[in-house]
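All chains are identified by letter, namely A, B, C, D, E and F, in their written order; residue positions are counted from 1 within each chain.
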Amino acid sequence: MISIPAFPRGLRTSVLFFILLCPLLRTWAAQPAAEPPSSVEKRLAALEAYVANADPAAAATVAPGAPARAPLAGVPGPGHNAWMMVSAALVLFMTIPGLGLFYGGLVRTKNVLSVVAWCFGITSLVTVLWWAVGYSLVFGRSFDSPFLGGTEFFFLRGVGAAPNPDYSFWVSHNVFATYQLAFAIITPAVIIGGVVERMRFPAVLLFTTLWFFAVYCPVAHMVWGANGFMNGLANPAAGIRAVDFAGGMVVEMASGLSALVLCLMVGKRLGHGRTPMPPHSLVITVAGTGMLWVGWYGFNAGSALAADGVAANAFLTTTLAAAVAAGVWAALERALRGKASVLGFCSGAVAGLVTITPACGFVDATGAMVAGVLGGAIPFLACVKVKALFGYDDALDVMGVHGVGGIVGLLVTGFFATTAANPALANNLGGIVGRTLWLEQLKGIGLTLVWTCVGTALAALMVKAITGLRPTVEAETEGLDLSDHGEEGYIYEPKS
Amino acid sequence: MISIPAFPRGLRTSVLFFILLCPLLRTWAAQPAAEPPSSVEKRLAALEAYVANADPAAAATVAPGAPARAPLAGVPGPGHNAWMMVSAALVLFMTIPGLGLFYGGLVRTKNVLSVVAWCFGITSLVTVLWWAVGYSLVFGRSFDSPFLGGTEFFFLRGVGAAPNPDYSFWVSHNVFATYQLAFAIITPAVIIGGVVERMRFPAVLLFTTLWFFAVYCPVAHMVWGANGFMNGLANPAAGIRAVDFAGGMVVEMASGLSALVLCLMVGKRLGHGRTPMPPHSLVITVAGTGMLWVGWYGFNAGSALAADGVAANAFLTTTLAAAVAAGVWAALERALRGKASVLGFCSGAVAGLVTITPACGFVDATGAMVAGVLGGAIPFLACVKVKALFGYDDALDVMGVHGVGGIVGLLVTGFFATTAANPALANNLGGIVGRTLWLEQLKGIGLTLVWTCVGTALAALMVKAITGLRPTVEAETEGLDLSDHGEEGYIYEPKS
Amino acid sequence: MISIPAFPRGLRTSVLFFILLCPLLRTWAAQPAAEPPSSVEKRLAALEAYVANADPAAAATVAPGAPARAPLAGVPGPGHNAWMMVSAALVLFMTIPGLGLFYGGLVRTKNVLSVVAWCFGITSLVTVLWWAVGYSLVFGRSFDSPFLGGTEFFFLRGVGAAPNPDYSFWVSHNVFATYQLAFAIITPAVIIGGVVERMRFPAVLLFTTLWFFAVYCPVAHMVWGANGFMNGLANPAAGIRAVDFAGGMVVEMASGLSALVLCLMVGKRLGHGRTPMPPHSLVITVAGTGMLWVGWYGFNAGSALAADGVAANAFLTTTLAAAVAAGVWAALERALRGKASVLGFCSGAVAGLVTITPACGFVDATGAMVAGVLGGAIPFLACVKVKALFGYDDALDVMGVHGVGGIVGLLVTGFFATTAANPALANNLGGIVGRTLWLEQLKGIGLTLVWTCVGTALAALMVKAITGLRPTVEAETEGLDLSDHGEEGYIYEPKS
Amino acid sequence: MKLIIAIIKPFKLEEVKEALAAAGIEGMTVTEVKGFGRQKGHTEIYRGSEYTVDFLPKVKLEVAVADEVAGKAIDAIAKAAKTGKIGDGKIFVVPLEEVVRIRTDERGEAAV
Amino acid sequence: MKLIIAIIKPFKLEEVKEALAAAGIEGMTVTEVKGFGRQKGHTEIYRGSEYTVDFLPKVKLEVAVADEVAGKAIDAIAKAAKTGKIGDGKIFVVPLEEVVRIRTDERGEAAV
Amino acid sequence: MKLIIAIIKPFKLEEVKEALAAAGIEGMTVTEVKGFGRQKGHTEIYRGSEYTVDFLPKVKLEVAVADEVAGKAIDAIAKAAKTGKIGDGKIFVVPLEEVVRIRTDERGEAAV
């Protein structure tokens, strides 16, 4: 997700020229009572840095005797800020109502509201955690640790409108923090797809809290923290030099594996395998799918943290992969079962979006087509074939779609990442891009897998001990809408 | 809603430097046949003004012998214009379909379409009024009055792509007018939540027309007009030096109080208090809630009228307050009634958004958390406890959520507004921010309350006299969908 | 859709001044070891070009001895790029889920998913076609033909983050390609509204493929290709000097006429005219309408290909026309049948949006009001009166709304286009704007009409020969959801 | 025993239930049905196509009662359901040969 | 009097109604039901899980008629509802002891 | 012949169907109904307004059987539907004078 902004050639030329100009500037600087023309240079460089999403300070500090404060320093750039506010809004839209409707339509009538309540509960809870400590634990630096951030941003202290150049030169720090909050919300919200229809509401909230600290904060810091252990892109000292543009490890793998572990610990739904449990409203699911898709542009292209060329590339690759994977999933259904289904199209679209997530800012259109084909086919097999073999009740296929799709996407990234799509890959990874990056990706996958499974299992065990995981048989039979929330999704009265 | 753009330090430095530079410039200006280097300064200043959302003309006029037209004058700034077009689209999205679905899901099956028809009817009607006279009456100046605008923009004459610097240096005037139209639409659309299921369609339209002139235009001008009576932020001569970032008075209080007055005059629904009238589809309401939430980013952060640091701050505070209030409402339900409900989460989210509306561009994260807690708790009590005491039939709790939430938000603004969040507060209100601003807010609340109640009552009386307010008992029993619109919301045919 | 970026006066002044300055610059240029101040000018001009959406290279080449590479060349502009990514996302959102829900709600319960499946299938299919050849055939130049593009962008080769100045100076080429993809998707998706409930899924996909090559690619190149036959705005050598801002010919007329031809060839639904076939869920249709409306801002204002003043104008005109047409349609229903319906509001809003589509970037507020009135009234008559006369089964009124609305909009453009709204009209069309432009529009309408009808008929005949168009009577009676996709839209289980 | 089947207007259900309760009858089974009879439906128009809804939403009550209570029950329903306007509905009485309460296996009048 | 209960295919409802009207019978009550019998349902697949829908949507008609009309009514329904394919449905005839028209308090055949 | 009308808990439908099949009865018609009886409903609260749901979702089975099978059928239903908790439901038996299989025009027991 972190894209070290590329210095396009235009800018580099300017900087070069600027250096050459220095002697001249120095003469001018001798003139009294007026800042020398160098300041014009600096101001121009800063403005150009805005357009090119580069560091305004870098250009300025080149000048001898530069003033402490560079031109435009601390000012967010309108185009980038606008794009990131839109992106943050879109990612929040993905959870409420996007995921709520997507998941809600897939469960039975009697549980539709419980799914929505879980999404809302997670949103409120994680927002408070993020504000208090979470943001700081992921994106702070005071611990100086590759595994966890710091305490300096507790309660969002000092997180104002000025950009935090650790992550973005032109996006307001508070917008960045809100954008990242949206990721911290949707990840646990995706998990609960594995255990819908059979977990107690308080247990969901407690699990979310424990999981947030055990899994999300450390994994997110490792992958995206400026000094993170697996942040191959930005951290030259990364232990694992993996790359993950928009959350293949942090969001997709983490949610998929956690859902798998959690659904095994919670157990199957009553009647699973005997009673049919078809989606109660694919129409609602379709609405949710569309919202997820549009929101994913904020998720993926927004992860460039600027409205720059890297975002533009991510925008294209996201579209290609989603559309292709939707078609591939449906085509496989048609080939293997005779009929292409709407649930197939929806599942394929989401799987394609998942798969391109880690790759979108690193691969080009060709890589995106590969991600689309594999992202449609492999999760299809995982959901339809592999799950049946094992027989676990991952109700909404979080492992099959997000876990498997995330892993596929990380590997696609390993093989297809190219500096043509993202020049920043050349900074620290120039030597392995196009060569052995996939090995680093494999290491990243391994560490994420182990960390996530262990963390989830511990969190779930604690929840089991404290509140218990499941509702009573009566409550589950009645449906969680009534038993946990005292409401019904639909009350279509007869006309009178 | 109007944020006098802050002059960040970087810019102020530049301006200072520029002034110092003037003597030098003058020498250069003597050179013939070429505009002197000062123009480079001016052009730089204009470009920097774009990034910092400052006045491009201000910088230019500093130069002696400045040309009539400043560099980039009349050109909208792409980042700001993009953000405001997005914001305007989002706020329009709030009414159709957002509010239509949110409200539609809460009424009984037989009235779901009538609610949507009202939203559509109001949209069409207010658009024509706004185009013809409304925009001018609110944002014109020709009357030179703190209570009403002017006639210069009737039929949107002269409202073109160039910014109107009265309100924004970098946003196209026509985008600003469209953005403000969206507010003029949603305010009456919110009102009708109080009288759903029992008002005639023609009466709704007539009421909207009268109310628009009696309440909306004057109140909006008073609060947001550059020379408005209650525009403490931008108008140094304001009678009441109140502040209202995104519509705590204009939208929230006005709609809440109007709904209360109107529902008292229309009377209760047939069977109110005896027949249960549960929401017919909370699923639809959830979809609407999500759309309102995402739209509210346009509403709140858009009210900065630029993609600047003030917008960024509003973006964060809006998110915090909404998520926290949703959780607080649900937690109170859980504490007082044993179960947290989805309707509770939805109501809390909306109440939080309402509460942060006047405050979002003035308070910091801490203020937002306070707004979230109070915005969840006080409207909850208003809807669940106070309404029951009085027994009026404000069907969808417009008073409880919007009226009460708006007032709470205005007071939170009074106590927690800070120049750290919005430097423009220092311009005219430096002396009272953090001190007695809450007193001015109280005055503003009082004036809005009286004006709104009187205006609404007069409008409703006239409607009663002209068209009557209520449908026949038969029509109300049959449902307004059939009786007023000849349609049904759902016709689920059996398969054949 | 192509707006040759206007050179606002501010910029023109700068360029002029720059030319005057040249002699001076030349002197400075003599100084050794430093690029002469001219580079400051060039860099300033490039930055100003960004703000004003002008050509950065144009300014640069003015300077004598200009370096090969202009400042900021190849760098997308953040504000414009952000807006176009948002616009592209919005237009994709229009098809999935917007159109899927809008259309889905209008069919009978048993066919709701089939409509969605068609939208998804078209999305996947057209994405692959676009990637492989379509984009190049429309926006390439290698054929050097006014009727079809070229091969240079096959497989999106060379379509990177740098802008393609043929179409936009500041928007990434890949964002432009994705944006245009969204148009190529929604056009066939609109068509299928004419034949819902009675066409086989494979037939829909095959038809889409043939139609894409026979109609979409050539018509889109003719209208929007830089050297297109009907691109009066940008192509001085255009055979027909018509203008079509956002797709009155390419999208609206093409889809409307194709739907008419196709529905005649497919035949009526079983039971048409005898069994009532009311919309099964207007609530879903309302949700879809709102999504179409908000998406249309990307469609229309996005067609400026920049967040500039032309986009701003399109934003306003789109809003006015949609809201007015919605009201006009409903008012006509009220006048002629006694009741204004929600379906009427929805139909009117869409018809208004269709009508303003070709006009939005060329007419001012007054023109938009005219478009709104005519766009509500004429399609209303077409759907409610004319269709009844002829008795064809254009199930969802694609001809009546899109075909007729598109033609009305193109004529409105012919009469009301003004250089005040879009200065680029003065470039090639200065002589006919406000005079005989409507004649050129008529010619464009004629060519589009003939080309589309012939192309569609041929495509449909081939499909008939290869896969057949219709399902069996049993399948159609059972509903396409079950027969083609093996799913049901709603399975509301009884509580247990 | 009798099985009383009553077709009534939906908004009268509550009153009928209360009337039956007043008559000592607490158990009943209710179904949403569509009625066709003398009362005529309405017309809906969707973009010009008319759609005549000739059925009317009604509610069907099924009440099993002992023979001696039947008359009282019928009267209670008839009285409570009446509005005097067309479409008020019908009451049908069918002989009931056996009743079983599933929970207890009670049979006959004890099971009603 | 008889209460005729007919289970038919939903798309035959209109024809049956017309046939009854032709036989002079205008009143009836209709319910959406699910039928189980020899006709078999279909299979739906949701992401790999099969869901066998073994019930079939049917429509139930209840028509109260005077004894002498019963035969004609039964024949009318049987003829109109027949497609000859499996699943056409059944007609059940139950004795009807009393009928009340709620609006008028008419009883017996007058109330039918 | 008898028409057996059984009101049962919805989640017992599958078991009852199997029990009937075991008794050789394959045909039946099922309706979703609301039951009122001793079993009490629940309360829902919407923003402070309480909404007491006093009906309970039940499923109604109608099974036409030959006289000699009736007893077996009733027992099968009663056994399969029983949970022993309140609200298990009722079985009503009504005399059936005639049955017609629409597809074949068979009448009487052959049509069942």
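Simple rule for what comes next: a contact is a pair of C-beta atoms (placed from the backbone, for glycine too) under 8 Å apart; a residue touches a chain by one contact, two chains touch by 3 or more.
Because the structure is a prediction, the values reported are computed rather than measured.
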Can you check which chain pair, C-E or A-C, has more C-beta pairs in contact?
A-C
Count the residue numbers both subunit E and subunit F use at their shared interface, divide by all numbers used there, and answer same if that is over half, different if under half.
different
What whole-Å value do you get for the distance between subunit A and subunit F if each is reduced to the mean of its CA atoms?
51
Geometric centre distance via CA averages, subunit D-subunit C, whole Å:
56
Subunit D and subunit E have mean C-alpha positions lying a whole-number Å distance apart equal to 18
Of all residues in subunit D, which are in touch with two or more distinct other chains?
11, 31-32, 44-46, 94-95
Multi-partner residues of subunit C (at least 2 other chains)
40, 44, 47, 50, 77-80, 82, 86, 90, 278-279, 281, 287, 291, 337, 339, 341, 343, 477, 482, 486-488, 490, 495-496
Using the touch rule from the top, collect the residues of subunit D that touch subunit C in their complex.
44-52
Would you mind writing out the residues of subunit B in touch with subunit A in their complex?
8-11, 13-14, 17, 20-21, 23-24, 40-41, 44, 47-48, 50-53, 77-80, 82-83, 86, 90, 108-110, 170, 278-283, 286-287, 289-291, 293-294, 297, 301, 306-313, 315-316, 319-320, 323-324, 326-327, 330, 337-343, 345-346, 349, 364-366, 369, 420, 477-479, 482, 488, 490
Flag every residue of subunit A that touches subunit E in the complex, lowest number first.
276-279, 333, 337, 339, 341, 343-344, 347, 383-385, 387-388, 397
Can you check the complex and tell me which residues of subunit D touch subunit F?
3, 17, 26-31, 62, 64, 94-103, 105, 111
Touching subunit A in the complex: which residues of subunit C?
31, 33-35, 39-40, 43-44, 47, 50, 69-82, 85-86, 88-90, 92-93, 96-98, 100-101, 104, 112-113, 116-117, 120-121, 123-125, 127-128, 131, 155-156, 159-162, 172, 174-175, 177-178, 181, 201, 281, 284, 287, 291, 484-493, 495-496
